[in-house]
Structure formats: structure tokens, C-alpha cells
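Following are the structures in question.
Here come two complexes built around chain A, the first alongside chain B, the second alongside chain C.
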Partner chain A sequence: MNASSPIASSPIWPESPAVQVAQPSGLVRSQHPSPGATVAEHSPVTPRPIRARTPKRGQPDREPGLKRANFGREAGLPTLLLLPQLLILVCFFFIPSLRALMQSVLLSDPFGSNVQFVWFDNFKALFASGEYRQSIVTTIWFTVTQNVITLAVAVVLAFASDRVVRGRSVYRTLILLPYAIAPAIAGILWAFLFNPVVGPLAHMLHALGISWDPNRNPNDALWLVIMAASWKHICYDYIFLAVGLLAVPASLMEAAAVDGAGPIRRFFLIALPMLGPTVFFLAVMNFIYGFFETFAIIDAVTHGGPAGATNILVYKVYVDGFINLDLGSSAAQSVLLMTFALICTLLQFRYFDHKVNYGV
Partner chain B sequence: MVERAPVLDTICHAILIAGALLVCVPLYFAFVAGSLTIAEVQKVPLPWLPGGQFVANLQAAWAKADFSRTFLNSIVVAVGITAGKIAVSLLSAFAITYFRFRYRMLAFWLIFMSLMLPIEVRIVPTFEAVANAALPLQWLADMLHVADLWKWISGHDVTITLEWNMVNTYPGLILPLIASATATFLFRQFFLTVPDELCEAARLDGASPLRFFWSILLPLSVSNIIALAIILFLFGWNQYLWPLLFTTDKDMATAVIALKNLIPRSDSEPAWNIAMSGALLTMLPPTLVILLLQRWFLKGLIDSSK
Partner chain C sequence: MKKTAFMAVLLGVLALAAPAQAARVEVQWWHAMSGVLGDRLNELVEKFNASQDKYTVVAVAKGNYDEVTNGVIAAYRAKRPPEMVQIAERGYLTMLLSGAIVPVQDLLDQKGYKIDWPDFIKPVASFWSYKGRMSAMPFNSSTPIFWYNKEHFRKAGFDKPADTWQELEAQLYAIKAKGVSECGTVLPGDFYWSLLENYSAINNQPYGTLANGFGGLGTEFVYNKTKVVSQVARLKKWLDDGVLQIAGQGLSPEQLFTSGRCSTFVNSTASHGNIERNAKIEWSATFLPHENDINPPLNSTIGGGAIWVMKGHTPERYDAVAAFLDFVAQPETQVWWHGVTGYVPATSKAYALARERGYYKEHPTREIAVLQLSRGTPNDNSRGFRFGNFVQTMLAQRSEVEAVFTGQKQPQQAMDDAVKRGNEILRQFEKLNAGKDAEAGREPK
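And then the complex of A and B:
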């Protein structure tokens, strides 16, 4: 547990920005949730060594996020440079998002010939429908469980791999592997393991006297997708926690050790609290992953069934929009999900923006 | 570590071995199932040791999922997304960090707004946009009453219908996934750490902005570009939802989508041996990328996710 140990500087674990997370909180807490503001302004307690060194050259109107040495007030070239990005964003991002907003207040038949403005009826209908409320409950249960399992396993693995020396890189490489595997494939692997007829692990469950059939039993199906989703995502949380642990100041740990705190106590009372922002960030990322990226697992494994047991919100958007062709309802659901995604993003920046520390 | 704790170290090894097993067990059983005949794979319990059909099953899966074609599609899509995102992001990051122009902050916020809003939540309208990429122009024409204007000028009655269908095309698969801000922000953050003196020196030497970008900034960014490229390649290869909507033409399916069709459904023959061989094949390219480029991969992941 020493940041200057050979492992910390090994090429596999690069010095990362996560290092800043683990600093005493007084140094890093920023008051500005917006990324534009954070670049130029830090909270009063943040030291600004670099700015103190560089003299301002008669540029009182410095803009946030602009290099001090820049190419001045040219307008043509930057517009040209920004054009590809903005074109793609407008065509495939802003217009579709606007369309979703518009459609969510319209009622149209599947062929789009008869369109009616219905105010918020689509939303009202959604919240009135038991199916949608059920989907909300399923999604929350699914993401929370997945989040807890993923974080808990990752924390334990990070602690263990931080302690051992021998074989550490082999363990790390193995734990990283699922990152390469597509969610759909992860789902298929687990669907096979727990296939009630041929799956080896399902066979073990049956041998233990546990009835298991994710094709029929809604509860089993939900657990199957939770397991597959967690398995796929543990590596992600693990990477961030392991890198964060490397940055916990050794002096602090040594002081605690001298005071008689054992390794486990030190981990839970010092290292983990210092990783607080990382854990929060990971929790948000896990929610985003659970809400959106697990679509592939659901579609490849359960198709939302049985009896809607795994019909999470993002899958329902797809089914209602593309299979049932209920565009208004699908758009309303999209809008609700977008709002959720935006809240997640803002939360993430609110609590994590202090990582963006350029000393500009 | 400060003290010796052999018991705890043993427990830690046990935990890590359990973690490694957790990762490896599904992969091992995929390998075992992939090496059995269809009769053997249906035996209960499944054998613990692999059989002798591994190569034959790989060939069968390759043919059945048309991997010669779908792997090519996956490579085109993954490389296209990677190259596209990086190119577009480098340019816009350069523009918003090195130029002082009027709409700089507006552009910044437009890009920022698109951050983290995944394609999954806006699939229907995005699909519409791709089904007819000329739709925005159409709306513009409708809004400006171009048809009426034309009628007024020329006296002819016209209806303007603009169509540009990108379904079942590579651009349709790639372009909507390039729209994301994370890469832009990664490069922006990196550019902000580049010493000002480099730009000043370049300007003193009379280099144009593009020259500075090409000869100084780009070479400096190489390690970031490689790291990000790995992440984006995995992202592109593992795409699911978007290619799924495009499989109206089987020839345009990606490997992951083709694999999905190998999974036995309840009413079909349970050919799990072929399905598992296909799964191993499909996960091979991204797995190799991670194993070979682990160090860069970690850098890219940690950098791009904050």
C-alpha cells in the first residue's frame, strides 16, 4: 500500500486523474457544477500554483476553457473545424431529441397519417398504465440490485488485489476480460450456464433441490439478467477502484498502522472514505449502464419476459416504438428516460467535476 | 505493506481466485460446449472436459452466421466509429480551445448537452432521421414555404420531397454513433494541459493554425488517440441496438447481431455447441485488443470516463 511501490508505477496501471479524487476533500471540492466554469475557476481553497506563475498579458477578458496562447479572434476556420461535429449532432442528436419531444405530445396512428395534438395525454396514459409502473419497478429493482452486487464485488476484489503482490497482474488481467465482451454475448453465456435443460449451473441448482427455470419463472429470469449484467460490469468498477486505491497516501495508512489499525480497519475507515467520490461516480455509471446498456442482455436472453418480468424501461421504449408502433407513447417514454439520463449526467458533474483540474 | 498478515494474504488470494473463476467459468463452459457434438451438449449433466468437435463447430458457426460477411461489417463499423469520432472530436476540441470566436461557448454547450444521452433513449426519432437523412432539409423547405415561393415565381405547382435513405448502409450504421461528446471532452482536457509556449513558438515561426494542429498538437496527442481508439473500437464492435434495427438486410448485420440468431429458441434444435462457438468467435477480436493493449486500454478508459 504505497503509491511509490513498483506496482503503482508499473506500466499496466498508469498514473491517472483518479489520483486527484483521493486527495483530502478540502483541496478538491469545487463549487461549480458546470464544466465550463470549473476550468477557469476553482473554489477559494484550491491552490493555483500555475496561474500564479504565469503573468496575464493584458487579457482581462479571459474565457474559460480557452488557451492563453490562442489564434485570436478568427471565426471562419473554427467554424469549419466544428462543422462536422455540429452537423452530426444536429442530424442525429438534436433533431431526433426535438422530434421525441414533439411526438410525446402528439397522438398518431402507426402510419402517421392522422396526427393529433394531445398535450400531456401520452404521459398521463403512461403513468396510468399498470404495465409501465411495473416496468419502472422492475427497472429500479434491476439497476439497484445490479449496482449493489457490482460495487460490492468490485470493492472486495480491489481490496484483495491491492494487498497481494504475487500474481497480481494475472488476476487483474483476468478480471478485466469481461470488458471486452459485448453485453449481448455476456447474456448469452449466462443464458447457457443457467439454461434449465442443458445448463451446467442450472443442473447444479436442480441437484440442490432448487427449482430453476428462467423461461417460466419471472423471478428466475430477473436474477439471470442481473447476474449477467453484474458479471459484465464488475471489471469496470474494479478498474476505477483499484486505480483509486493506488492513490491513497501511504503516510496516512502508515500513521493508522502505527496507531494499531489492522489492514481491514484501515481499508474501511481510511481508504474507502477517500474513494467516496469514485464510488459515487461508479454508482452513477452503474445506473446508466443498467438503464441503457443492458438492453442487449434483455433482448438476447429474455425478450422482456416471462410475463414482463424483465421488461425494463429502455426495452419497453423499443418494443412500443418498433414493434407495437405506438410512437406517441414510445416518445413520451424516451423523454422520461432522457430526463433521467440528464439528471445522472448532472449528478456526475456535480460530484465529480473537481477531477477536471487543469490548473489553468 | 506495513505489517505481515499471512492469514489475510491467503484470504486475499482466495478472493482473487474466486473472482478469476467468476470470470472464467462462463468462458470455460462456452469452450466446453463449443467443442461437443450436438448430442453431447444435450446430455445432462454437461461434461466437464472438452470434446473433439471444437474446430468443426467453429467452422459450422462461421458458416451459419455468415461471419465472413458479418465480421467484415463489424470491422467496418467499429473502425468507422473509431476513426470518425476521433477525427470529429479532435477538430472540434481544437476549435473550442484555440480560437476566440463569438459562438465558442455556444458550440461548447451544444456539444456538452449531447454528453451521455445514449442512443437507446431516442431510437425511434433517430431511426427516422437515418431512414431519411434529408428530413431536416425537408422541414426547412416546408417551413420556408419554398414550394409556394417557387409557385409564385414560376407559376408551376411543385411538391418538394427530399429523400435520402441510409438504412442498410454503412454511413447509417456509423454516423449516429459518432454523435457523442466524450471524445471531444477528452481531447479538450488534454489540449488545456499542453504548454502555451508551444503555440506561441509556432506562431512566432509563422505557422498557420492548421500547421500547428498537424505538426505539433496531433503528434502530442498520439498516446491519447491510441488509448481512446481502443475503447471506441470495443464500443463499436459490441454495438447491439443500432445494428439490430438495420438487420432488415442480412448482409448488413454485424457479428454480434448474427450471433444472436444462433441462440437456440425453445422451438428449435438446441444447438448450443454452435451458439457457444459463435460466441467465442465474436468475442475474440475485442478480447485480443484488450489483452495485447491492456496498458493503453486502461489509460483510455480512465481518461474518457470522467
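And then the complex of A and C:
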């Protein structure tokens, strides 16, 4: 999370492209509607900022306004303010990344006394390995499913808790609680609940005639970790969506209600489009979560098994590096993982960003 | 002048404290023991610290074996390793060839301690020594034994579990058929150790070439051509018939046994402490079963850990380390440790002492491990397992066995694949350590 949370974004939502360009908002770079903003002041005369299809990528003024960083002549103070963050990035991101790149072309023993330069052998070995290819497929399936489930449930919960009047804050607190639970604990909890031998929920499934056994059925195992990972992340999505819904003008909803639109129609035709930027942001965040932050859950629930069925890429990096002590392969995998994540995020921005309307 | 007064007091305190501090040399020992075992380990260290006034050993729990290994690697690379570290048996070759250790026998010889090395019991001594010299101090050695629920066996009409897998199978099926328990046995979390590796040793099956790796780094796995395949098939059959259960995550196999749900289970002798504390059942233990056409069965092999000494410290600190290791090797210490934890006594003297005191009359199951380890004449198949990157090859094997359990592969196919994957990992280790074998770990400080 950086400064781009909706709370931190500018309280004044720009109304026209002209205003946006003038705003020195390089630090903000928000992609979400501000919760405090209202669209009610939108003058009917001001044309909506129509998003022109820009011909080329990488053109500096492709996105006017908030998406553009422009320090102008007074670059001193912003640079100074950015410095701590940059230092942190250098120490905890760039240096380790460089080390990973170096390690990925080496074969070395864990203690570092024998080091051999092996060119791209580590990468070649990975692509030749069936386990690695299986891991890629598992990761894609895991991440996409987790993303869809998390977003869908969070949207429903956010809309439902937005409509409820009595005890709204109680519901919100309850929904947010899982976020406070450490992933490993959440994992153990799910593993226990669905343990085929003693788990109460597994017994319920057995009573329904489902032969549930994540120890012996790869699909069950995969679904178990998907559910555990989604459950852990729903609250994160929920809080953004709940705040995002606050920004949907009540007047619009009322007008639609007067026109005879029911709650479901109002949700799909008004609330959801206005949540577009939030949903897009969350999709990217969920994706990163699935890719990088779920290894504690996997470790607690399945250890990547049975037979590698839940061995997602990040867990494989962890096992090969920290348990197998195969540092070269682990480094090569983390370089590849970083590349995959980068490509996927770029693709998301390339293809979905256009469909998101930031102009509300 | 408050400040000067304060400084004077401070200096006074330091002056008083300094000689006392300087007198005791402090050394660190990183270990992987938690729970009951961790408490016992701390008691051991306290005993040593109280026994003399020159040295202080500080025991630091660093998590499980993997975490300790990672911790010590990071510390070594940062040039701040602890003086001593407890490493599991699977890490033997990695540690030996790391160039980061001082072999304990060299250290103790150099410091003038007279340890009766030939007195260490065979499987323990042969595992932890290289070319006849001990590389690490045996500390917590264990071996798997067969635990059973006496009441279940009585109800099903049996005195005790049978000696052979074939008869045992009949018993477990009978226990299930008679409704005595719904789970004849539970798959151990480390089944690769007890049900595949030790199975091979006891039944005189080769696991790898070159005496299971004792003969050099060019070793290859061969267990896809032995009875291990039918053993995996047996487990799969039991699983399908509901005689064998997998505990899975969130629950330990031990819990299923001690709660009386499962009638038997194979686990390390080191779980004595826990089982005595937690079991609500009438339990006992016996030798691991063997195949009916193997006679006599051979010895089982050891697991557990040993204390390694790291390079790069001052002579004074090595004095402290040597004193502590000497203390650990004493029969009195060994007998005490054996009694409170269930680990095997490392020396014949300690074993004789425990016997003499009538310890095994009161605790018969504690002798099983020693008897099982010293059974028969150890040969190349039963001396132990010494493979490079052993954890990695084991995880590949576990994954392939799981593929049998999930029904994705036939046992033969899975073991062929496990051997193939394992051999690739062995070749990588060989490539990395080429030419190192001969002089490995032989750089006395």
C-alpha cells in the first residue's frame, strides 16, 4: 500500500481536465474516487472528461491530471519528501532484486564456500521440469479463482452492509476481523475445520455425501487453500468497496429508486460502474496477494501437497530456497515470478484500464 | 554535578562486574528443540553452567531444524556464526562439506579431552563420523519404533502386534472388522524416514549405490527396484481399505494415536516424553515389523540431530565448547538425557549404566530403540543414509508417494520418477562438491 489509498487522495476531485493538469499532484497518483468527493457539483455545462484513445503507449501526457507526475520547477521539496521512501526501496527492493539476479546464474552451496557460475542452467532446468510447469498452471488457476471469489463476495458484503441501517458498524467490524488474524493461524484454522478425520465442516460435507479429503484429493486441497486465501483477503477488498460506496451520491440512487429501479438494478447500473476504479485497483492487489502473500496459508494448510497440487510458485520459491537450500534455483524462480507478475500487471493496465471510468 | 556522580557509580559498578564477567567465557548454542524437549535441553545447559565457573553456554531456540539451518547459514555468511549448532541428520553432508565447521573429534583431541570414541554405539558412531573420525557430537539420536494401543489389541484378541508386516496386516484388518477402532494405523508425518528408509535397512534392501552413499558422492538411488515399491503399494491398499488414515494438517498423527482413535502408529522413540504426558490410553511399544521372508531382520538406523562446531571463533571460546561437549559425552549426562527424553543413549557405558540401575525394568519401551539399533550385524544396507541435498531428494520422494495416495500414479511409476528426480538432485550436489570428498571437513582449527 502506498499513498494511493482513497483516504489519502485529494479531497477535491477535479472537475475538468484543465483543473487536473494544473494540479501538482505527483505525490497522489490516485486511481480511486475520493470518498469525500461528490459529483453533485458537476455542472451540466462542463463536458465530462472523455477518455481519448491515445495512439501510443508511453506517451507522457497520455493521462491528464492525477495520473501525471509533474513537479515543475520546485522539485526540491518533493524529492526530499520522497527520499525516505526511495531509501527503503533501494535497501529492501533494488539491492535484494539485484542479488537475486546474480544468484540466479550461480550454483552455490548454502554456506557460500563453493560458488560456480553456470550461465542460465538454473532457468533451463526449471523450464525442463514438469513440477515447475505444473506449478505455473496451479498458480494461475489459484490466483484467478481467488481473485474472482474475493471480489465477488466483498462486493456483495459491501453493498449489503451499505443498505443495512441498524448495526451497520457492528457488521463492518465483524467483516473486518479476519484481517487481524495472522495468515498461518488462519491456515491452521481452515485446515482443522476441513480436516477429513476430525473437522466439523468436513463431517458436514461427508454427511451430504461428498467424499471430501484434501489429503488425497488434489482438487479438494486446491479448493481448500483458495477458500482460506480468499477468506483472509475479503476484508481487505471489503473496506475499499465499503468506502467506495460512500462516494456514490445518494441523490443518484434516490432518483433511480424514484424511477422504479430495484436495489439489484441500482447496484448494477449505478453503484458498480462508479466503483470501477476501486474494483480495478483491488483486482490488481488481489492478484499480487495471490502471487506473493499466500505462502503462509499454503504452508499451514497443505504444505504444497498432495503431490504438488497446491504448490504455487511463491511456495515453491520458499521450499527450494529455505528448506531444500537450492539457492540458485530459488533465485531463478523468484526472478521469473517477478517477471510474470510484472507482465500480468502491465497486461491488466493495458487492457482493463481503458474500461475503467475515472471521471466520476 | 549529578552527571559525574552517576558516571563514577557506573564506572564502579562496571569495575566490580568486569572481573566476574571476564572470568566466564560465553558461547552460544543454537538448537531446534521445543516443548518438553526444549525444557529438558535448558535443564541440561543449566547443569553444565552450574558444574563449573569458567564457561557459560547460552542455549538459543531457533525454531525447527530448517529454521536453525537457515539461521546458521545466514549468520555464517554474515561472519557471526554461533559456536555450536544442532543440525538434523539429513543435513550431514551439507554440513560436512560446507567448509564452515570444525570436526568435534579434532577439536576435543586438540584441547586434550580423552573421550572414549569407540564406546559410542555403532549406528550412532558410524553415522556421525567421517573416515573414522567423529565430525559432530551425537546429541539427540532416535529411531522409529512401533507404538500400539494395548486395549485395542486385547479386545481384538491379540497379545501384541505381530513381528511381520504380513501378520500385522491381518491383525489391523481384524481390528477394523471387529469394530474395535475405525483406524488401524495412522500415516506418520515423516513416513519417508520410518516406513521407507528404515524399512529398507531392516529388510536388508539397498536404498542407493555405494553403500547408501557412505562410499562417495557418486551414489544413485535404487529403491525403485526393491521392496520399497511393494511397501508403497501396501500403504496405498491400506489407505483405500480405511485401515490407514492420514492425519493431515491441523492435526498430528500422534494426537490420533494418543486420543485412542488409531490403534497403532510408527514414530520416533523420542516421543516418549510427549506420549507419557498426553496419552489417555493404555499404550506400549515394540519393534518395527519386518517382511516374513527376511530372517533375521537387521538394525534400524538413526535420525535426530547432533551438535556441530562452527569455524571462526577464538581459542578461549573453543575451550568452552570443548568443555561442554565433553560434558555432553559423559555417561551420567547421557543417562539423564536418555531418561528424560527417550532419545537413545549415545555410548555403551551410558546404556550399561541405565541397565544397571534397573531403568528398563520400569520403562521397558525405552530399551526397544537401543535393542533395535544394535540388532544383527550392520551391513551396507543398514549402516545409514548419506546423501547430498538429502532434504530435497526426500521432498521429491514424498511428493511422488503422495501421487500414489491420490491415485495419479502407480507405485512403480512413482518410485521410478522419485529415483529419477532424486538422482538429478544428487548429481547437482556432486557437481558442486566435486573433488571435495577426500579432504572434507578435515581442517582442524
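Methods note: the second predicted complex is superposed on the first by the 230 of 360 C-alpha atoms of A that agree within 3 Å, B and C clash if a C-alpha of one lies under 4 Å from a C-alpha of the other, contacts with A are read in each partner's own complex, and residues count from 1 in each chain.
To be clear about the criterion, a contact is a pair of C-beta atoms (placed from the backbone, for glycine too) under 8 Å apart; a residue touches a chain by one contact, two chains touch by 3 or more.
Predicted, not measured: the structure shown is a model, and the values here were computed from it.
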Of chain B and chain C, the chain that contacts the larger number of chain A residues: B
Which of chain B and chain C A:183 touches, first, second, both or neither: first
First (chain B), second (chain C), both or neither touched by A:306: second
First, second, both or neither for A:215, with chain B first and chain C second: both
Chain B versus chain C as contact partner of A:153, first or second or both or neither: first
Which of chain B and chain C A:164 touches, first, second, both or neither: first
First, second, both or neither for A:322, with chain B first and chain C second: both
First, second, both or neither for A:249, with chain B first and chain C second: neither
Contacts of A:197 with chain B and chain C, given as first, second, both or neither: both
Which superposed partner A:276 touches (first chain B, second chain C, both, neither): neither
Chain B and chain C contact sites that coincide on chain A, given as residue numbers: 188-193, 195, 197-199, 215, 300, 322
For the chain A and chain B complex, residues of the former touching the latter: 1-2, 11-14, 16-18, 35-36, 39, 54, 63, 65-75, 77-79, 81-82, 84-86, 88-97, 99-100, 103, 153, 156-157, 159-161, 163-164, 167, 170-171, 173-186, 188-193, 195, 197-200, 203, 215, 231, 234-236, 239-240, 243, 253-254, 257, 262-264, 281, 285, 288, 292-293, 295-296, 299-300, 314, 317-318, 321-322, 327, 330-331, 334, 337-338, 341-342, 344-345, 348, 352, 355-356, 358, 360
Contact footprint of chain A on chain B as seen in their complex: 1-3, 5, 8-9, 11-13, 15-16, 19-20, 22-27, 29-30, 33, 41-42, 44-46, 87-89, 91-92, 94-105, 107-112, 114-118, 120-130, 133, 135-136, 175-176, 178-179, 184-185, 188-189, 191-194, 196-200, 203, 209-210, 212, 234, 237-238, 240-241, 244-245, 256, 259-260, 263, 266, 270, 272, 275-276, 279, 282-283, 286-287, 289-291, 294-295, 297-299, 301-303, 305-306
Chain A-facing residues of chain C, complex: 66, 69-70, 73, 76-77, 94, 97-100, 183, 239, 245-251, 256, 261, 389, 391-392, 395, 398-400, 402-403, 405-408, 428, 431-433, 436
Contact footprint of chain C on chain A as seen in their complex: 107-114, 116, 131, 187-193, 195-199, 214-218, 300-303, 305-309, 319-320, 322-326
